[in-house]
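Structures given as structure tokens follow.
Presented sequentially are two complexes of subunit A, the first with subunit B as partner and the second with subunit C.
On to the complex of A and B.
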């Protein structure tokens, strides 16, 4: 087990290296000179040159790349070109909010999606199945930013159940923190729920036709346990795979959710950095997202070990 | 006392609004400790018959008439939840395909323990002990240490032993084995069949052995029922059937067996194939392939009660009073 984890962690290194290089290149491909944006259109060539000198932009690109990597290895993501704050500090400050939101979103997606899918598969063609299929179609085709605004309107403004500005509450106020998380997480997880329900339903239909389910029935296992234990354990493989793959999409969607619900998080930071061509901050954010996705993928692989006994090393 | 009595059983399929008889007016019985082999080509309703007794028919199929008495309990009238207490407890079943018959994500021990806990009410610990005992009984080497193994760690033959262990776990009265060795190596086939024989004798179980292998019938069954197109066309003791097959289909089946004392060039085959349910003739279902077909065969199915059901029964117009008797 430990060896497996170790090996898996080792394979992260080349992946991360590739992603970091890509981040470095991508950020520099984005058109627009940060100097012009910060100093304004009227900046003198001298001022621009001085800015380039200070921020290291005047150096050849390979030197910039080497500097970027050496800093990174030391755990330094550089300082923001605009605010001069260390990028790492800015990222770590809001990372918990994004993590919290994404995990809560995944939780909503799986905790609602799996039972919905199972219930639909069991009623195969019945009215429950139809309801779930229409409901999930809604989840798939409704843009998340529209549902976010609608949810805010109904549950926060009209009913007043949840705070309108779901900004971060301190950890010392768990109830307030939960309430401010509930709506954004539900909104973020809703689309995922629809996918998960469909993955579960499809998987369930297949598994319920398999030989080992017939064996279970032939030994008199009650119908509910056949579904929730014998079949679901096998369907979960597909759900784990899907969740791992979908996580990166979900993190992308979290940017929108953070904006609409006005939550602190990586998403808001990204939008700000993009607007201001804050190369270093943007670079740091891409690194943060990449690490997040890569780590989640590694965790997914670990999950397989628990869900599927056939997976070795 | 009969472990299983099947009386005038009919199982039908509903396909596109039409009703098709997959099992037609079948009657037989199995005594304690006895093995009845059901033989016939693929698609002749053998598995449909087994699934009718288990009440595990696909949703398009249903029992439309007849009785199935398991130890005097009318199976056809038991509720669906009631069947959960019959299956695995009073009837055990072994399947054809051991590679896929076990749940890949549950340990072998867990799968054997489950019926023990469900039907016999054993605690987790007791069930574990009993399951290891069962694994030893079906001769799985170092059973205790393999309790926590998963099916993929077992070979086909070993998996079939696991399936057998869980089928006999609760001392069922009847064991249904649907082609239990078809998917196995020849050497393993023999071991599995011998094991089934021992378990049947020890447990005084009745056994319904479905096979298309007449060699297996000769070596392991007491009586044979020959099925064709959903009909039981002939039933007799093994010796009787091999010596004096009566139904043209049984005779053709036996003639297609290679024998050491005959020239291989004499090996006969039966022309044509089993008609699909949709194209089944109204009269005798074997008519189209039968060398003795008469006018009568076309119009009406032969009566199901010719001869003594417990001795030698044959369902053919040739043996009905007034029918032309072909030697």
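On to the complex of A and C.
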């Protein structure tokens, strides 16, 4: 197992290197200057020059790049150009919120999507199937930021069930934390639910036609047991693959959700860093995202082993 | 299925009951701001709209703008009790109020803190406002409760420099030295509120300062929440999760919030002057007749209709109204006479019209104004080519002198000298070593601007400023379109405790008298 994880981390290095180089160059090519953010729009040329010197921005770009890599190898992501806080601290502070939101989103997506897909497959062509297909089409075609505002309007403003400001509550307040997570996670999971339901339905229809299912039926195994135990297990492999792939998309989608529901998180951090041309923070965030994606892929592979014991790494 | 349905219903009811009343400390003002995160709470570094209001809660100056006012001629005592100056206004002596305590046990305010703070503001390494303090020769502590400021030459308003604004805010010497860069998140001042906690991307919480020299604040504290999404802020306000919220700066929003029961809109100065700067050195704008045609084609009253009358007011000069030295006597082109403009272009030898390049920020409010101008100019055969870029790119590129027309929105310290110097003095021309933000390459009023700066007779000074404005308007370096005020929303139980006409810190000041009724 350890070897497996180690191998995975090794493959991370070239990917990370490429992504980082790209990010490093890109943020510097884009016009704009963090000095104007710090010093204000009335800054004098001397003050700007001084800032560039202090932050190393006056050096040639390759020197900046070397300095950055040297730092990175020592495990140091540097400090934010704008706030002067260590980048690693800023990332780690909000990482739990993004993870929590993404995992909850996946939970909603799978917990709703799989049963919906199974029910639809069983009713194949019937009104339940028809309803599920329309319902999931809604999930696929509704932009997340629109559904987010709608949800807030209905559940928070009109009904008053959930807070509008879903900012992070401390871990010591699990109920508050759950309440502020519920709407954003549902919003995020809604789109995923649609995909999962469709994947499950498709897989289920295939499996239900296979020989071993017919055999089980012939043996007199109850229908629900056939569906939920024998058939579903084989469909789950596809669902796990999909979930793994979709997880990275979900982390990306969480940006909008974080903004509308006003949750702290990596997405909000990225938007802020971009707006303020916080080069160092952006680089740190690219590292964080790359690591996240690789870790999730590794975990997906691990999951295969549990779902299907025949799979060996 | 029934069982699950019942269970869900019960669960929803429980949720409904338990969240109907948000459990929040009474007397805490919940203030929503349109920003991702805090920039800095260091008052000598705070230049952005979301950072500025904080300074006014944490700090004091030697003198202050009356709460709710931006009148620089009506400054009142703050940390100093009294002051006097010599005859030509080059030496100023301030007597400090006694018994003023810094937050978090940092002791009593002394003259040393004032000396340290003003020197800190004048130092470009520690302050964004250093250039404002160039004319200060030295600041000395005469005794623990007396400060003397000596100037190199008289300036328009020394009191403005030591007011509770930008570099005039007084910090604790001991705390600033001890905390260094951390002072940005752990500031120590003498104001009515003090920092309790900063949660990145989320909020800063302030608690009332029990030792505040004007008395214990009526509020228990302030929760300053960062909510970048306009719609989320509005929803939070409607759901009763915010008491005060930074507004959307348009009429539709004002009507919608203003028409909601329990909510009120506050509209305040300072007005930001919305102005088109025309590059007077770039063809074809180097021809004054062409500039006259552009100005004539622009229809200024239309902007006020477009933005809405509550938020927009007419611009009468090339500096914002209300600035000390503002003069609205010179007539400005801009009645939207397309035919006359076309004729002017023809006479100047541009029969087929002209094309002007303009780098434009993608900020929605500003972009729509530029688009209105584009349509107005098109009627006169002037093709305004908008190159729309993101806000930071815009700021970078206009400073590289790459835009023939620059649309800039600004308010400055309310003394004519500041605006005139930055936008219209030749030393400030963009692309030069001393560059500030003179986008028009205007250089016709240098003499008056410099003379007025050290003129001690206020009447003569006013006259010089008036002449400078007249010359700039006649040379058509810039076309002022309109002035835009600031809109905030609040719940109607918020009582500011003063008459809110202006917020020098671009937001309502929360004072010791502010309360939730």
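What we mean here is this: the second predicted complex is superposed on the first by the 285 of 313 C-alpha atoms of A that agree within 3 Å, B and C clash if a C-alpha of one lies under 4 Å from a C-alpha of the other, contacts with A are read in each partner's own complex, and residues count from 1 in each chain.
Basically, a contact is a pair of C-beta atoms (placed from the backbone, for glycine too) under 8 Å apart; a residue touches a chain by one contact, two chains touch by 3 or more.
All figures in this text were calculated on a predicted structure; none of them were measured in a lab.
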First, second, both or neither for A:294, with subunit B first and subunit C second: neither
Partner chain(s) touched by A:233 [first = subunit B, second = subunit C, both, neither]: first
Residues of subunit A touched, compared between subunit B and subunit C (which is higher): C
Which superposed partner A:308 touches (first subunit B, second subunit C, both, neither): first
Set intersection of subunit A contacts, subunit C complex versus subunit B complex: none
Touching residues (chain side subunit A, partner subunit C) in the complex: 30-33, 36-47, 50, 82-85, 90, 93-94, 149, 152-153, 156-157, 159-165, 167-168, 175, 179, 259-262, 264-265, 268-269, 271-272, 275-277
Contacting residues of subunit B [partner subunit A, same complex]: 54, 56, 80-81, 83-89, 92-93, 95, 97, 100-107, 114-115, 118-119, 150, 152, 163, 166-167, 169
Subunit A-touching residues of subunit C, taken from the complex the two chains share: 12, 15-16, 18-20, 22, 36-40, 45, 47-48, 124-125, 128, 130-131, 181, 184, 199-203, 225-229, 231-232, 235-236, 238-239, 241-242, 389-393, 395-397, 410, 412, 422, 433-437
Subunit A to subunit B touching residues, read off their complex: 210-223, 230, 233-234, 237, 307-310
